[in-house]
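In what follows, structures are represented as structure tokens.
In what follows, chain A forms one complex with chain B and a second complex with chain C.
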Partner chain A sequence: MEFYIKVLEITCLHTILVLGAYLMTGLTGLFSLGQGGFVSIGAYTAAIAFLHFNVPFPIAILMAVLMGSVVGFLIGIPTLRLHRDYFLLVTFGFGEMVRAALLHLAQLTGGALGIAGIPKQVDLPMIHVSILFITILIYNLKRSRFGRNCIAIRDDELAASLMGINVYSHKMKVFILGSAITSYGGALYAFLIMFIEPNLFNWLESAKLIIITFVGGVNSIIGAIIASVVYYSFGEFFRFVDVWRDVLLALAVLFVTIFRPGGIFGSWELSLKNLLPWRVKKI
Partner chain B sequence: MEVLKAITISKNFGGVSAVDQFAMVQQENEITGIIGPNGAGKTTVFNLITGVYPVDTGEIWFCGKNITRLSSHRITDLGITRTFQNIRLFRNLNVLDNLRVAYGIKTHYTMWEEMVRGSRAKREEQETEELARSYLAYFGLDQYVDTFPYNLPYGLQRRLELARALMASPKLLLLDEPAAGLNPKEIHQLIKTLLKIKEEKNLSIIIVEHHMELVMNICQTLHVLNFGKKIAEGEPKDIQQNKAVLQAYLGDEG
Partner chain C sequence: MEYQILLQQIFNGISLGGVYALEAVGFGIIFNILKFSNFSHSGVVAITAYLGFFISKYVYTNFLVTLTITTLAGGFIGVMIEKLIFRPIRLKGAPLTLFLVNSITAAMLVQQFFAATLGDDYYPYPVFMKQTSINLGTLTISKTYTLMLIISGLILLLLTLVLKRTKIGIALRAASTDVRTPSLMGVNIDFVISVAFFIAGVLGGITGYLLGMTYSVDPFIGSMILKGIIAAIIGGMGSLGGGVIAGLLLGVAESLLIAEIGSSLTQIAIYSGIFVLLLIRPEGIGGKRYLIKA
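Right after this comes the complex of A and B.
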């Protein structure tokens, strides 16, 4: 039983990170390989605040989110003027930079040894509530002006700016919000795993977040969540195929991109209208 | 009243002069045409007015305001909207959302209000949807609400783009080859629609077009461009007899 709970905890935690990636990459088309950097920033900020400065747990989490947002803002200023592949390269560099910095700031971060002895403060209900909360926020954003602007920017930046959308500042909002969600996930991670180290979340893990978003469907939050749950729990339950897990993921990605370029779930969303069609009044 | 005034604007692309000392004045509630052979710089004029490219020299004034250095989204906000030569609809937004996205600048709710579905956000969303639906009905697109734009036939895509450009109730509408790819019946319909919306919404329209029937029928003034330079300006019937224009289009006689 404990094993299953453990698996669920890790899976759901990764789902929070996928939600952050969904907002940036799925909805807005910002390919960020630096998500791992924000996870680490969140995890280390919360852990150091809690252990070294005796900050209470909720405030430590809040500090992590704040730190993530501020760093997101600072990184966003120069990088959000870049497009697709250039943006990807710079965020990749950022993620690796964070990793190198954590390794070398040994006095504060413990260097390669990491930080051990973080008490377990996070449990499953807490992660679930977080997921629910974040999903509702993103869902509400997606179905109103904010989300339409995101998709417009992803589809055609020039046309979007001629619809009166301030593309740069909108991307900035998305990036800060995404960073905040990701560092929140990172902070929870520290208090769940109880041990963090600089290689906690490398660029491959960041890339997986993007891939999962794409497999699930860039226009479907629920698709991203389901793809995330399936992928992260799959690996744990099927330890014996562990090496083949990434091969299977690669195959899944291949088939999805060929046969369902819009992702498995396309633009289907979980809603009352879709589940109970008869309950929705005709417009 | 002068809606738009371009004062000798120029634009070079790597030494090639795309627009050279172009000047025009657009009066309120009038339709102006910009014509010229391919590559004459017509679309570039639109791109300069809407801030897609910065102007090299010259100034652009809109309703008494200097918009020369403003960015595209600010210019749209002031009341200039446009369509595109090669249709640029948002492929991942359905027909309704393609219209709604253009009304975003008219709404006032904040990001926080939409996160928690505040009452103002809800009200303005409702307002947006009603307006979008009324435009879809106006343009005979109401049965395609949930369709994605690139599944529509070409003529309807053009109509949808026109509807989208009207969503934010602009003062000045720029149409980049609105008749391209339309059949004669659709062009006839377009002419009627343009004249109608011009009167109903007190719009000023500038059209870049190759289709002479459309241009000659609805424009009060024509500007003729060739190699970025204006070679003629005047009423359609005068332009038809203008020597320089005929030369640009048909080449030298004999």
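Right after this comes the complex of A and C.
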């Protein structure tokens, strides 16, 4: 039983990160390979505040989120004006820079040894409430005017800006919110697995978050959640295929993108209207 | 720093920069035509690095034969990647983001495949030369680095000739301006794209072999390509000449910085340098301002 709870915890935690990636990539079309950087920033901020400065747990989490948003804002100022591929590569550079900085600032971060001995403060209900909260937030955001503007930016940036949408400010807001969610996930991560190190999240993990969003369906929050739950729990349950897990994921992604470019769930959303056929309005 | 060490570092930097330039050009040639960042280039590099190791170790081929085989294999793999992964979605008219996702996925597939099958072991190439260094007065020059420099230089020269003088080169350059118009002029655009992937693959094959020879082969050798991608950004995407210059600069800067301040600070210095550069000049050194066309 303990094992299943553990699997569920890890899986759900990654789902928070996937939701952060969904907000950026799925909703607004920002390809950020620096998600790992934000995860590390969140995890390290919370852990250092808690262990070295004796900050209480909720405030440590809050500090992590704040730190993530501020860094997101600072990184966003130069990078969000860039064209998509440049943005991708610069955020990638950001992730690597965070990793190198964590290794270098050994007095504060413990260098390559990482930080051990973080007490376990996070349990399953807390993660579930977080997921529920973030999902509702993103779902409402997607249905709002702001969210529709973001989708317009994702589909065609030029057309969106011609319609009078301020592309830069929309991207900035989404980027800050996404960084905040990702750092929040990182902070929870530190207090869940009780040990953090600089190589916790490399660029491949960041790329996986984006890839999972695409497999689930770029337009579907529920698709992203299901894809993430299936992928991460699959890896935990089948430890013996662990090394092959990413190979299988990659093959699955290629098949999905080739045969179903919109993702498995396309733009299908879980709602009462979709589940109960008699609720569909007759046209 | 003494000036001898300085000279030596600069020489090593230029040789390494030559490989970065090869990577940057292989990366840029695809970006020019299809306008997406081709991360799958790292897959080609990794596969050819392993291939070079296995044939030189077990078939006992000499330096040149191995290089030729890996080069051709690289071109073949490049074409296969295009046919299997990118052509289906290109024909469906998928958005550019999907190309990006597929190329990252392909890079991940190769890397994780090697990690799963060959483990995290290191495979050192056999030594091709008896004497590993040449003494030039007071300078000691590594033969591997000299070879690297000569090969990269020759290949880049050859590529320039192909792009400037041959018919397919003209077609490639036309396609980089606009993919659709040349097909109206009777150019077989599928073929041109295949050729572009072939050339990128050839460059990737050479890169993989040189990197494998200089370092040792492990599943993460593909991530060495990132230096080439950085060079491509600094040089300006879409400008092959800029990529070459940026690659050389990056190589020299890197080897000088590593000698001076150590490798972990070098990473930070290089990435912050890119941030500053992109703040001042978002289009890179030699790039034209990228216009988004409807």
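To be clear about the criterion, the second predicted complex is superposed on the first by the 277 of 283 C-alpha atoms of A that agree within 3 Å, B and C clash if a C-alpha of one lies under 4 Å from a C-alpha of the other, contacts with A are read in each partner's own complex, and residues count from 1 in each chain.
Here is the rule we go by: a residue touches a chain if its C-beta (ideal position, glycine included) is under 8 Å from a C-beta of that chain, and two chains touch if they have at least 3 such contacts.
This is a predicted model, so every value here is computed, not measured.
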Requested in this report: Label the relationship between chain B and chain C on chain A in the superposed model as either fit or clash.
Outcome: fit
Report task. Identify the partner contact of A:A159: answer first if only chain B is touched, second if only chain C is, both if each is, neither if none is. Result -> both
Query raised in the report: Which partner does A:D123 reach: the first (chain B), the second (chain C), both, or neither?
Result: neither
Query raised in the report: So, A:S144: does it touch chain B (first), chain C (second), both, or neither?
Result: first
Query raised in the report: When the shared chain A is used to line up the two structures, what angle, as a multiple of 10 degrees, is there at the CA centre of chain A toward chain B and chain C?
Result: 80
Report task. Have a look at where A:Y86 lands relative to chain B and chain C in the superposition and call it first, second, both or neither. Result -> second
Query raised in the report: According to the contact criterion defined above, which of chain B and chain C contacts more residues of chain A?
Result: C
Report task. Using only C-alpha atoms, work out how near chain B sits to chain C after the chain A superposition, in angstrom. Result -> 8
Query - Overlap of the chain B and chain C footprints on chain A, listed as residue numbers - result: 155, 158-159
Report summary line: chain B residues touching chain A in their complex are 50, 52, 71-73, 76-77, 81-82, 84, 88-93, 97, 100-102, 104-105, 107, 109, 111, 114-117, 121, 125, 128, 164, 168
Query - Footprint of chain B on chain A - complex, ascending - result: 137, 140-141, 144-146, 148-149, 151-152, 154-156, 158-167, 173, 218-219, 267
Query - Residues of chain C that touch chain A when the two form their complex - result: 31, 35-37, 85, 88-89, 92, 94-98, 100-102, 104-106, 108-109, 111-113, 115-116, 223, 226, 229-230, 233, 237, 264-265, 267-268, 271-272, 274-275, 278-279, 282, 290, 292-294
Report task. Using the touch definition up top, name the residues of chain A that touch chain C in the complex. Result -> 29, 31, 78-79, 81-86, 88-90, 92-94, 96-97, 100-101, 103-104, 155, 157-159, 203-204, 207-208, 210-211, 214, 243-244, 246-247, 249-251, 253-254, 257-258, 261
